[in-house]
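Labels run A, B, C, D and E following the written order; every chain starts at residue 1.
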Amino acid sequence: MDLIVSLAINGLATGMLIFLLAAGLTLIFGLMDVLNFAHGGLFVWGAFSGVWVYNLTGNFMLGIAAAIVTGLILGAITEFLIIRPVYGNHIQQILITLGLMLVLGELIKVVFGPEQKSAVPPAFLDGSFMLGDIILIKYRLFIIAVGIFIFALTTFILKRTRIGLIVRAGVMNKEMVQSLGINIQFVFMAVFMVGAAMAALSGMLMAPYSGVIYAEMGLEFAILAFIVVVIGGMGSFKGSLFAAILVGLTQAFMAYYVPALSLAVNMLLMTAVLIFRPEGLFKVKG
Amino acid sequence: GDEDASGESEGSSNGSDGEGEETAETVKIGVLASLTGALEAYGKQTRKGFELGLDYATDGTMEVAGKKIEVVFEDTETDPKVARQKAIGLLEDENVDFLVGSSSSGDTLAVTPLAEEYETIMVVEPAVADSITGSEYNDYIFRTGRNSSQDAVAGAAAIADEGVKIATLAPDSAFGQDGVAAFKEAATDLGAEISHEEYADPAATDFTANIQKIIESEPDYLYVIWAGANTPWNQIADMKVQEQGIQISTGVADIATLPTMEPLVGMAGFTVYHHSLPDNEVNDWLVKEHKERFDGEVPDLFTPGGMSAAISIVEALKNSEGETSADKLIETMEGMSFESPKGTMTFRPEDHQALQSLYAVTLEESDEHDYPIPVLERVLTPEETAPPIKNN
Amino acid sequence: MSNLLELQQVEAYIQQYHILHDISFEVPKGEVTVLLGRNGAGKTTTLRTIMGLNQASGGSIIYNDKEIGQLKTHSIAQNGIGYVPEDQGIFDNLTVGENLKVAMKKEDEETTTRMEWVLGLFPDLQKFWKKPGGQLSGGQKQMLAIARAYVNENELLLIDEPSKGLAPIIVEKVMESIQQMKEQTTILLVEQNFLMASKIGDRFYIIDDGQTIHNGQMDELKNDKALMKKYLGIA
Amino acid sequence: MTAILETKDLAIAFGGHTAVDHISVQIPEKKFTSIIGPNGAGKTTLFNLLSGQLSPTNGQILYKDQDITKLSTTKRTRLGIGRSFQITNVFPNLTVLENVRLAVQSQAKVRYQMLAHFKYYKQFEAKAMELLERVFLDAKAELRAVNLAHGEKRKLEMAMLLALDTEVLLLDEPTAGMSLEEVPAIIEVIKKIKEEEDRTIVLIEHKIDMIMDLSDEVLVLFHGELLAKGTPEEIIENETVQSAYLGGMYDEQLA
Amino acid sequence: MNLRHIERSTWIYIAFALLLFIVPFLFTGRSMLFMIMQVFIFGIFAMSYDLLLGYTGIISFGHAMFFGIGAYSAAIVMDLNDSTLLSLAAGVLVAVIIAAIVSFIAGILTLRLKSHFYAMLTLALAGLFLVAAEKWTSLTGGGEGFTFRLPEFLRDSGTMYMICLISLVVFFFGLRRFTKSPLGKVLVAIRENENRTESLGFQVLHYKVIVSVIAGVIASFAGVLYVLSLRFIDTSVFAVDVTLDALLMTIIGGVGTLIGPLIGAGLVEFAHHWLSDLADVHWIFERWIILYGIVYILAVIFFPLGIAGTIQSKFSNRVTKGLFKK
């Protein structure tokens, strides 16, 4: 019983971390229909800039802020220079964002050097405590909390404000939205910036979790995020959250009970979902 | 391409023994390393070490047995295809007399058959796969780097003893599995018992389940073989493994990874190299020169390896009196001993693997750095860490 | 001057094709002006050019005595111009309600009243409030497109073939609604249904091959069989 | 009179909404049948069921007494049921000629030939060109379909349907958005197919004059149900039809 | 067949192919030869990818799977048997059969669904193959891979070059004919508007499965050539990067053309080579990957349709423009 609870909590934390990663992608891919292969690049930049500030100042929160700011700035630049010319064209999006991914990944080494960097949780989130026989790791609880917070926040913004509608409408028919007097370019840029900031934030949160960050981690995690977005049903936040948690839990339990298959967990899960529920777990209506 | 365009495209299998005249005075060495990509840091250590090694071995003259030494570095980008292409370029267009490399086992394996084809000596450094001097061995391959089995033997020597129970954690890959197999053999030879073998997805972020199982097997030691991006150290600490009476042991890698090992302070393990460990002239020279040339930086994990490779080549040339034919060199190098930053190394005649010292250490807090450093327990002698011969 | 909108020798290209050669017309405030012409004459392109969805390459577009030829589409719309495009421009994955909500510039009482009026006009929209726009029938989409332009108070409405695909009884309603709005809203209409055009139009312009080739009062046209035959091919 | 197409108790519901509500009709062979009804009455949905774009929740469809309810769109087209679409549905980035040529190719049953070069099929091109002339679109043959004006796309739809050379033609508002001048010409084309080639035509339209002019029989749909059926004259006198569909404008329109 | 009926472009391609047959005698460097060989191999691979992406509109994120299947089949068969021509033939056969079966299954499972499902399923399957290659160490050598011997006559790189070139020529002209066949025209129709194609009387699923199998088999063959040229194999043949390479080559060269992927393959390989060589010129170019990334970005901005596509559209615009003005 303890074992199951402990596995579940840790799986949940991993799931939340993956969700944070996927959230930005869901926003950009789900709402704006942009295949952003540079998502991983934004993620890495968030991690490196955040950790750099964190190590410099010793203040974790400042690190988080730095990551978010980095994400916003990079998001604005990316949207303006890279994404704007290719809205609506998946093929061009793939090429141009992959190009950007290479540039971002390599620039990391110019700015921060080629070596991997280490990061530890801040003192107030370091370590673990026992609850009965169950070990609770503080940093993981923190991740779970942040995940819930981000989920609630985005759901609120998308459901309770007109922004979500405008963005979705803008993707379907840009000209029409403009004809309704909405400056869609501005809205798109804002959304992209938020998506990028989410990527950057998750990069920063990831750093103390895994202990090290390195320039190449971007693509790897971007693929994971991509998988989660697909399993969850594209563009659905609820779906992404659910899928991410599913992936996290499956990983945890498979690693314990069927270790031989643990390498293949993600892919098996995705194959199963595609075959049995091709629209994803939560199909976006329409 | 050089002037001697004699249609090598067809006659390549004849190899390059008919070199042009200019090589009469020069010895060319081609070094393959990952100078970009994920293993960039390693590749660059090798390069620095190699350059320093030539300087040291030739006393700065860059000449041996009357011949000028010329080095060409090529980036393999950690891609076997690129590695092979660059190697062909070195062998064909540059007519190199030696190949050195490379940072990854895959790159190296893609190149070793070329060494045979071109009858050119290749000094492998620092790729670790056993198969390079094992199942994929050929006569032209010499390795100054240590292989996985040596690591395993050293790891076992550091902790294994009569009646000790050890659990292992390793990535679920050939590297991890072979490593554990070798470790198991060495450890059981020393009388220890392997209580549990745990393999984890190297890309995973969560190791709770794996650690949980290890705890359940109630070992005295947890021996970790790890080479991967995400490190398990934090989680091992968070899961209070040590508090439950299980000691951790592992190989200590390069300086950049030391800060991540903070949670493991006090553990007993081994390492291939840390600049503070070896006690010999070559190493003193290396540390001093390295600091001078590179802004006060100390040599890292693979720097001495690069240096050893360079020294072994110069040494071989000295012994062969400048003769670069492969036959002669193989004869010279088999069984050859030379002084390296890690003490005396010897190319074992059977599989051309250099036997070398490794270091049993404990990880301790240091006053100079804000990360822990390995402190010498004892030097594991070349004889002690000699791996089994596997090339038949 | 009482012209709300005036086009002077407007030229436009689509990619490298010269589509509009010389479009000139006036839309007097408070009237319904109708553009007529064959398929491919350039009517739709004219409306798109006014909306800034297509850049004019020559001439001028004057709205409320201001040149708007260089403005971006969204600022043109913010100046009080509404547009019902030919292909309806429904947001397929948004529900009917959401389609309308996207269009609403404010959420004050006035808009609510307008909304009620619009829904009274097209009860089908009320009925399918939660249905994705893409699943509506052809005529329902047309209604939604018109309704979307109606929910805001506009000074000028550009409507491209509103009657297309609508049942006669609904066409009648649309006509009524246009007449009702005439007070505050000026209308520029492209319409192939001559019956409708002739009933609600005040002035007409005939466009052929990207040029305005004839204009006059609607009443004249209705009674001039020769003219109708010549320009519209109807007897 | 034999029925070429027949529905038995045909129904489909989307969520809670029954768009086609248990309709049983017979479409007489070689006749001209029109379907009218308010917007959202289920006309297009009925077409979608007949042509196989949708499958019914209930009922059967018979074509020449053969049950085709379970057949795919492709199979039905091959059997001889062709349709045009209310919302234009063409290959946007192919040229007008290529659009029609594809339809010709399908009709000619050259479907899986993958080794012969297309240029050995010159007759396809010729046939396609001929059809484009018939709908007055030959001048735009080389233009990409996406660049056509709305009315021109409708003509293209028509040409593609003709190319399929099917026995039954389902036409969904073929003249919507077509200019006054060209509507009569298209009507001529439709008439000619029916008379000269003996086809069965089913037409959805909101243009009453056109219905009156062409139809042998008119079906009226209302809220998914079959409200009335009869000759054009009978239908236009029907009071429910008048009040629910035509409104006051029809008499002027007929005038 | 009358020679006059052959299109002019065909002559150009034939002339170019002949030129490539002479190249090995002009260049002495085997490394250059090896590189051109890689261009050919990845050209074939990218062409097979374009068959899906450019012609039929199917995105695949796991095309590497077929490449890897080909590579491993050949390598394993050659490793287990003597290095003879016979075992090579057996290797090719195994490669083709497995690729055909896998692509057929992936095809019928997902191609009836719209758009991206094929992409994701192939991504997942490729991932599973990667894991299998990683774990089935007795056969595959795991992540470290293994080397193997080639039949005597293939060890000469001139022969290998010719084999790659001949394969390229055969596949290029074969696929050209294929795409210009009636079936090829239907594929384009599917790309443009799937459900309309269906209501014209074409069974879309059949076409998609056919093209998926053809693309899979050709990709597998490219994998065979790759592993023969390398004489070494490891799990990197299944990596996402391999798919991405094909994707990039296709897009940069121009989707929906056959020459595009070839140009793309050449450009990607050579840009890579030259840019990485810059690193030796000056330390400032040590980060040449940045330049490499910028090449992609600029390619989209200046050649939005890919190189071949942009040139082609310039050319065809002239034609339609003339027509438009009558």
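Side notes on the structure shown:
Simple rule for what comes next: a contact is a pair of C-beta atoms (placed from the backbone, for glycine too) under 8 Å apart; a residue touches a chain by one contact, two chains touch by 3 or more.
These are the chains along with the protein names UniProt gives them: A = Amino acid/amide ABC transporter membrane protein 1, HAAT family; C = Amino acid/amide ABC transporter ATP-binding protein 2, HAAT family; D = Amino acid/amide ABC transporter ATP-binding protein 1, HAAT family; E = Amino acid/amide ABC transporter membrane protein 2, HAAT family.
All values reported here derive from a predicted model rather than from experimental measurement.
With steps allowed only between chains in touch, the distance from chain A over to chain E comes to 1.
Farthest chain from chain A (centres taken as the mean of C-alpha atoms): D. Of all the chains, the one whose CA centre sits at the greatest distance from that of chain E is C. Distance from the chain B centre to the chain D centre is 75 Å, each centre being the mean of its Cα atoms. Computed from the mean C-alpha positions, the centre of chain D lies at a distance of 43 Å from the centre of chain E.
If you average the Cα atoms of chain A and of chain D, the two centres end up 49 Å apart. Rounded to whole angstrom units, the spacing between the C-alpha centres of chain C and chain D is 28. Across the assembly, chain B contributes 36, 172 as residues in contact with two or more other chains. The residues of chain A that reach two or more other chains are 106, 109, 263, listed in rising order. For chain D, no residue reaches two or more other chains under the stated contact definition. For chain C in complex with chain A, the touching residues are 51, 53, 72-74, 77-78, 82-83, 85, 89-94, 98-99, 101-103, 105, 132, 134, 148, 152.
By the touch rule above, chain A contacts chain B in their complex via residues 3, 6-7, 10-11, 13-14, 17, 106, 109, 114-118, 120-121, 127-128, 135, 137, 139, 206, 208-212, 214-217, 220, 248, 251-253, 255-256, 259, 262-263, 265.
Residues 82, 85-86, 89-92, 94-96, 98-103, 105-107, 109-110, 219, 223, 227, 230, 234, 260, 263-264, 266-268, 270-271, 274-275, 278 of chain A are the ones that touch chain E when the two sit in their complex.
Of all residues in chain B, only 36-38, 40-41, 44, 172, 198-201, 203-210, 212-213, 229-231, 233-235, 237-240, 256-257, 259-260, 262, 371 touch chain A in the complex they form.
Contacts from chain C toward chain D in the complex involve residues 14, 17, 37-41, 44, 86-87, 124, 128, 131, 135-143, 161, 164-172, 192, 194-195, 232-234.
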